[in-house]
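Here is the structure we will look at, set down as structure tokens.
By letter and in written order, the chains are A, B and C; residue numbering begins at 1 in each of them.
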Amino acid sequence: MAGLLDYTDGSSVLHRLNPLTKLVLAFAVCVAAFVTGNLWYLAALLAFSLGLGFVGGIGRVALRLLWTLVRVCAFLFVLQLLFIRAGTPIWLFVTDVGVATAARVSLRLMDATMPLVLLLSVTQASDLSGALVKVARLPYRYAFTLMTALRFIPVFTGEMAHIIQAQTARGVPFDTKNPLRRVSLILPLCVPLLVSSVGRIDQAAISAEARGFYLRRRDSGYKDYPFAVRDGVALLVAAALIAAAVLVR
Amino acid sequence: MTPTATETAAETATGTATGTAAAPHTSAIIATDRLSFTYAAGTRPALDDINLQVAAGDFVGIIGPSGAGKSTLAAALSGVIPHYWKGSFYGAVRVDGRDSCEQSLTDISRTVATVFQDIEAQMVAAIVEDEVLFGLENFGVPKADIPGRVTDALDLVGIADLRRRTISSLSGGQRQKVALAAALALRPRVLLLDEPTSELDPASSVQIFETLQRLNREQGITVIVIEQKIMLLCAYARTLGVMDGGRLVHHGPVRTVLEHIEDLETRGVNAPRVTTFTHALRRAVGAGLPLTVTVDETESALRRAFSGAANDTTHNTQGERDVYAPL
Amino acid sequence: MSMLRFDRVGYSYGDGIAVHDLSFHIAAGEFTALVGSNGAGKTTVTKLMNGLLKPQSGTVYLDGVATASARTSRMARAAGGGVGMLFQNPDHQISKNTVLDEIAFSLSFGSMSRAEQRERAAAIADEFGFRADAEPFALSRGERQLLALASVLVAEPAVLILDEPTCGLDWRECMLVMDKVRARNQAGTTVVMVCHDMEVVGDFCRRMLVMDEGRLLADGTPDELFRRADLFGQAHIAPPQMVQLALRFADGDDALSRAMAPTADIQTALNAVLPLLSARTVQSGTCGPVVQGGVT
């Protein structure tokens, strides 16, 4: 039952890549998506991200993520069609420019989200922070903060799911079909989530301090994160993605 | 200032006192001296004049109704008070002979390893092995020693087979054991646990206490555990502390404390059913019955009383002090 | 007429089967415990009962209606009593700023007038000994659990589902919660309770469903199931202490064994043993002073 951003163990090429390489690769897809406006290339980037999911052995997670993003983006798509008035009308309020722009924005959003989430799902947060400290020379304090933030995302989404179930069970109509009504019901629940998260973050801080957090130095990490040939290949791919984006712009 | 263990047994046996202001004893690995604490936001003291001596090698259970100050006491023993939570702090906590105010939280944790109540919040890694690694890296354990220390810690808790598992795939009991292993890897002399079984089923709860008992007996690690389940404490702990309203109202060997069964019940702490049973039996019959705290003891006490062999009752209760049968 | 009926129900979370081919029914007014180790599928069963989870195979009927076709939030406030559920962690349930608002919130999605909502909420707050304007998050853990229970009971559910209601409570709070639940049961509410504490199960429940790995292992009264040794190992449950004690005497043939073996609680054990013991003590003449065992 892997939730969003939960680490999935494995030994695929993606798992074995240097965490920094993965980060660079994810950002390369992002940059490429914003450089190009070519709808075909944007779609190709999405296919590339999906492919990453299958290479990493988390194809099901990738598909589920894609489905979630498609739903969010469909909403955005319709919203954009409504507001973009430029171009020639083709059907009711829809214009040709509207369709192109809305498609571009929606695809870009998916392209920017997919690779980062997928690569984080095959990277342990502790490895990411370890590599950031040892290789990228980021101070440990910041790396730890990043790591803790990432670690708490699945914890809080799980907590939110529990809260919603508990509220539904007492008669709050979260199981309504109307998405706007659902949002209006969820907002007040941020209060209990906030209350419990403040306590948990205190616990995390205390426990880290008790386990010697402040004694840690750059070279304390047990693991090393050397670059291998496969990292070189992945970085070349990253560069190629951006180059192609510039070309097909 | 290394504590000597010779007087330990005598100290525990006679330390029945209800808040006796005993002078800090050298054999105590943790001692509080007239400790009082009020949270910065609080109006009444969460801890009120606590004098607790924990002898090295002891297995101490702390029980009490909600709001009695148990978790606050745990925070004070682990150094979280006064180093993290602020408030008015009176008296002193001595960890291994040194005042807790004069050491940092990290220094205290070299002696006292704490497993906090919210296991999920204290995990830092996604994989079991890395969770154990975290403390070892921080405390600068030489890299050559690290793999061995990780293996030892996992073996001690009996989870060597979970080494490469993701923590999110583990059950509550297994997570508790991972937290225990991560604490043990640092080779502490004291293990402090705050309600380790509150979310576990009975079988996993017994397993955690079995593990604690083994660590206590075989490694000589002092165990202090805050626990709501009196039956577990009666089966595994040697010393029992009862808290109520911020005070340590009883403290001594488990059986001695349970002699106050009526007082305990007015404070909202129930005795095990078998203890209530032998207590009622003893009141009705009079002589010949010791107060029992486990099923095993109760069975043999009944058989003995019935066979009429219980002439020397003092001898019997002495002999049973070391019976720590599983539930 | 059964209040709750599971008909060959199956449910799986994707990475493993949580509930497998489960069939049983619970009549109106029963007080049933659902026991088994962590991961046995108990919580899944409770969520299937009120439709939070819909069965992937088979059917769950709540008062004759299949849960698959009903919305959970509507079942919660059905006319004539819906299904109320108390979760393990009360903090997931609490979202308002005062005790009164919190309790009244359970009624706010129905057709009841606002004045009547406040009135009923105030009555329950009073029964539970809460100050109406108290802040929920300033209450202790045990008080928050009681508040969550009050918020469920205010809707006067016909079925009350409790997921480890005594977890994290001290003994006194535990008895407070259980007394409220028992009172509702005696007034006709059907109660299903997931519980790890066999002392509580033995004291309050009249029926026990034992689960292991998503299957139903046994169904019977606590008294009879606690004496079945085969269940202890399989479902990782240990009977209450007094039953354990009685079982130690099950195979004996002397007077003590015959007296103790059938006992199930403190009172019956006392009644059985006292006549034997007082005869003994008088006979051997060892009526000494009460021995304070262990005190030096």
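Definition applied: contacts are C-beta pairs under 8 Å (C-beta built on N, C-alpha and C of every residue); 3 or more make two chains touch, one makes a residue touch a chain.
Being a predicted model, the structure only gives us computed values, none of them experimental.
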| item | value |
| --- | --- |
| Shared chain contacts [subunit A and subunit B, defined touch] | C |
| Pair sharing more residue contacts (C-beta pairs) when B-C is set against A-C | B-C |
| Relative to subunit B, chain with the most remote C-alpha centre | A |
| Where subunit A and subunit B are represented by their mean Cα positions, the distance between them in whole Å | 43 |
| Mean-CA-position distance for subunit C and subunit B (Å) | 29 |
| Averaged-CA centre spacing for the pair subunit C and subunit A, given as whole angstrom | 41 |
| Interfacial residue positions of subunit B with respect to subunit A in the complex | 78-80, 83-84, 104-106, 108-109, 113-114, 116-118, 120-127, 130, 133-140, 143, 146, 164-166, 168, 182, 186 |
| Subunit C - residues contacting subunit B, complex | 36-39, 140-142, 167-173, 196, 198-199, 236-238, 240-242, 244-245, 248-249, 254-256, 260, 265-266, 269-270, 273-274, 276-278, 280-281, 283-284, 286-296 |
| Interfacial residue positions of subunit A with respect to subunit C in the complex | 1, 159, 162-163, 165-176, 188-189, 191-192, 195-196 |
| Interfacial residue positions of subunit A with respect to subunit B in the complex | 2, 6-9, 124-126, 147-148, 151, 154-155, 199-216, 220-222 |
| Partner subunit A, residues of subunit C touching it in the complex | 13-15, 47, 50, 52, 71-74, 76-77, 82, 84-85, 87, 89, 91-95, 105-106, 109-110, 137, 151-152, 155 |
